[in-house]
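Both of the next two complexes hold chain A, though its partner changes from chain B to chain C.
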Partner chain A sequence: MSIDLLLALITGAALFGVGIYGALSQTNLVMIMMGVELMLAGAMVNLVAFWRYLHPDTPAGQMFVLIVMTVMAIEMAVGFGVAIARFRAKGSVEMEEAVELKG
Partner chain B sequence: MNFISVAILAPLSAAVLILLLRRLPAALTLLGALIGLLASIGLLASAFNGINSELILPGLPELPLHLLATPLTALLSTLVAVISSLVLIYAVGYMKQDKEKIRFFATMLLFISAMQTLVLAGDWILLLAAWELIGVSSYLLIGFWYPRPGVSSAATRAFLVTRSADLGLYIAVFILIANTGSSDIATTLNMGGHAAVAAGLLLLVAAMGKSAQTPLHDWLQRAMAGPTPVSALLHSATLVAAGAILLIRTAPMLPTDVLLVIGIAGGITTVVTGLIALGERDLKRLLAASTSSQYGLMLVAVGAGVPLAALLHLIAHAAIKSSLFLGAGVFQHSRESTTLADLEGVGRDRPRIFFGFVLAALALAGIPPLSGFFSKDAIIAASLASPNAPLLATLALAGTLLTGAYMARALHILWYGNKRKHPIAGLRWMGAGLAGLVTLAVILGAGFPSIETLLHRSMPDNTLAQILGLSAALGGLMLGWFIPMPRLLGPLLPWAQRGFVIAGGFDTWMVRPAFAIAHSCDRLERRLYVAVLALGQFGLNIGQVVRRSDDQGIDGLIFSLVHGTLELGSRARTLQSGLIHREMAIAVVGAALIFAIPLLALLIH
Partner chain C sequence: MSAQTFFIGFFGLAAVWFGIVVFRTFSMVRSALALLFSQTALGAMFLSMQAEFLGVLQIMMMATEMSIMAIFMVMFMMDPGGLGEMDMTHQKRLSLSAGIVSFVAAVAVAVFVDWGPVAHTAPDAAQQTVDLGLELLGRSMLIFETAGVTILTAMIAATAVAIQPATWRSKHEH
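And then the complex of A and B:
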């Protein structure tokens, strides 16, 4: 295992940890989503690192990253759509206030 | 236009006209009867010239309706027409006071038309139809005075007895047609063998019913409840004659065994009903019993193998008995009663009518030169010539003796008594009809030789028979005139007056078994009803069990499943807090646990 791969994995883990912290600590919907984005970005770093240093000649790793990016985009669109609708309806996107989802 | 159709249709159309116009019933009746009479005489004239008229009508496929005027049927048709015309003339007078003339004359004409059809029928199907028609019209006529007590039951009894016996005719006709493949009477008469024996016995049953032979003689006496012209027409010359005519026409087919049975049945009837007549207390019932007795004599003649003798007696008896009935009708109007006790001495009130009555009575007894002498002589000669002479001749002579006795007794009662004269309406018409019939009763004997030549048969000339017959008749008259009836009958008197009922008669032998059958049918019916009800109850119970299991079993199972699911769902709901951070924190902890387990496993490894 090369040192570059280790560096890359550490970077990915750091990004994921920052993302989790952000998602759990923030109360604003937009900020939570940014945390989620960071978590996904950490995961992608891992994927890219594994592809680059272990199997550089198979295209599957690249394709996987592209799919995750697509999912990120869709998640962003839906998430911001919900945030805008929530803001228009209630005037805020604070998640502590949004307990109507309770079953 | 054929004479046959005129003979049948003239009375029928007169009846229809009477019913449509509802006026002049008497005139129209006499007109219709007269035209029918002329047509019948035309038929007889052409029969004398050797021409047989016939009329074939489309009937069932392969079984056409066939009307035929042979010498025999033309003769019978003329007899029916003559007697009915004279009776109708009498009836014009008799019914003068009655309010229902239209119904009376229309039914009489219907009856005459049916009788002509019966006599002229050339095939069995038409004969059956006519047989039924005379049955139903006789029912209507006997029950003419239906509001009077006992009349409708008498009519019903006459109808039921003859109907039951008619069953014999039906089966016999089925046998005949099935065996020969033809409904033509002449064709079926060629049949022989066992089928002929069976058919002959069944025909005898039918004839015994219609001709009121023992043991079916009771209805005829009760049928005297009808108006007197009805009695005169139906119960002397036509309806009752149908049975004898049936046997005379089928005589060529009948085997010797059947002939013997017929002779014995007739012989028993002539003695039994003769005794009943002797003990009778009512003039019309006496005459009715006498009718049965005389038809018994005719059956003896048929049984002796000489149907011609029966035919001659039929003809003579028709004229004689209708004259007697007409005379009795006048006496009835005189005293408003028919019991012999009330009629004592009525002969002195109406000497001319009584004279006619006496002539007819002597003719019936068989005194020469009146017509009855010749026909009785023929019957006795026939019975002497038959192989069963000892039996048949004895019975025939006994019948003759009894005839003389009961007629003499009736004459004695009618003559000795008090005079109680009061005027009667319509006596002239009644007298005219009676005079015509008495004339016939007196002179018919002279016509017998020409009938014999017409039918190409001759009667055996037997001096012994003449002597025996005459002495029996005279002896009977003497006995009846000089010896009072109770002494004459002796121990038989109560039997005769009860109509020789054996152990309760019809009530025991027919009515009670019929009631017993009806009762057992009723019981069976009730049991069936209970069984069906139980079956229904059983089905209902099964249905209730099924419904209960459906309600409590299947429904309960499904609903408990539903309730369980709902409860589980409401419990699962409480897990949801709606707080995103809490959910997310749980998710992270969960994911950490999921990752931790393989990581631990890896490390331990």
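And then the complex of A and C:
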């Protein structure tokens, strides 16, 4: 296996791991979104690496990366919309205080 | 070791390091900037992997996205500079375990799976852009259009969620 592909996949795995840690450990909504962004970034590295080292003649691989970028933008837009609504209603975006969301 | 391998490793390491810094600093603004550097390092890594269009797109998109995030951080946080050193974490051990397990599992898949023959050359930048353009406006047009409409829907939905409801406004104005 190519060392470049391995390096890219390990980077993707590390970013995904850091993202999971952030999304689970943070109590602030914006910080949780940062964790999710890192997880998506990890997936994106893998997609670029697979396109470059396994299927460089298939442009659909690059299109998948564009879709992940779209998902990142949507996540930010909706996340900040929810954050503004929450801040207006409760004066804080701390998820520890969102006890009314408990099932 | 080729220069390409060196730069992929270097920018990959930088991306991971800045990703870790995001959750290590008390300052929210520094967190947003660290995420910006992490995503920019990823863009540089894409450039090292000869994905020129995606690399430039990543850097441009993330520079604006993370700048907006930094502004929101300052708006929402009681202590955006982190001088009070407030701890805003919970279930640390569980989170750390989940992060390590997912990292090890993903690395194991990367190392032990036979990925087949590796391509040593990629189309040049101009050819890649032409191919991607034809792909987006040809075979994958429906997916591309769906992504555009989904972004528009998300923008409208986010704005609708964020604006003050009329009932809330009238209650607080009188």
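The rule we apply is simple: the second predicted complex is superposed on the first by the 102 of 103 C-alpha atoms of A that agree within 3 Å, B and C clash if a C-alpha of one lies under 4 Å from a C-alpha of the other, contacts with A are read in each partner's own complex, and residues count from 1 in each chain.
Following the convention adopted for this analysis, a residue touches a chain if its C-beta (ideal position, glycine included) is under 8 Å from a C-beta of that chain, and two chains touch if they have at least 3 such contacts.
Computed from a prediction, not measured in an experiment: that's the story for all the values here.
Residue contacts after overlaying the shared chain place A:Leu24 against chain B and chain C alike. Comparing chain C and chain B on the residues of chain A they touch gives the larger count to C. When the shared chain is aligned, chain B and chain C each come close enough to touch A:Glu96. When the shared chain is aligned, chain B comes close enough to touch A:Ile32, but chain C does not.
Of the two partner chains, chain C is the only one that A:Thr11 touches; chain B does not reach it. Once chain A of one complex is fitted onto chain A of the other, the partner contacts of A:Met72 are limited to chain C, with no touch recorded for chain B. Comparing which residues of chain A touch chain B with which touch chain C, the overlap comprises 20, 24, 27, 96. Taken in their complex, chain A has these residues touching chain B: 20, 23-24, 27, 32, 95-96, 98-103. By the touch criterion stated above, chain C contacts chain A in their complex at residues 1, 4-5, 8-9, 12-13, 15-16, 19-20, 22-23, 28, 31-32, 35, 38-39, 42, 45-46, 49-51, 53-54, 57-58, 61, 65, 68-69, 72-73, 75-77, 88-92, 94-96, 98-100, 102-103, 106-107, 110-111, 114-116, 118-119, 121-123, 128, 131-132, 134-136, 139-140, 143-144, 147, 150-151, 154-155, 157-162, 164, 168.
Of all the residues in chain A, the ones that touch chain C in their complex are 1-22, 24-28, 30-31, 33-35, 37-38, 41, 44-45, 48-49, 51-57, 59-60, 62-63, 65-67, 69-70, 72-74, 76-78, 80-85, 87-88, 93-94, 96.
Contact residues on chain B toward chain A in their complex (touch as defined above): 572-581, 584-585, 588.
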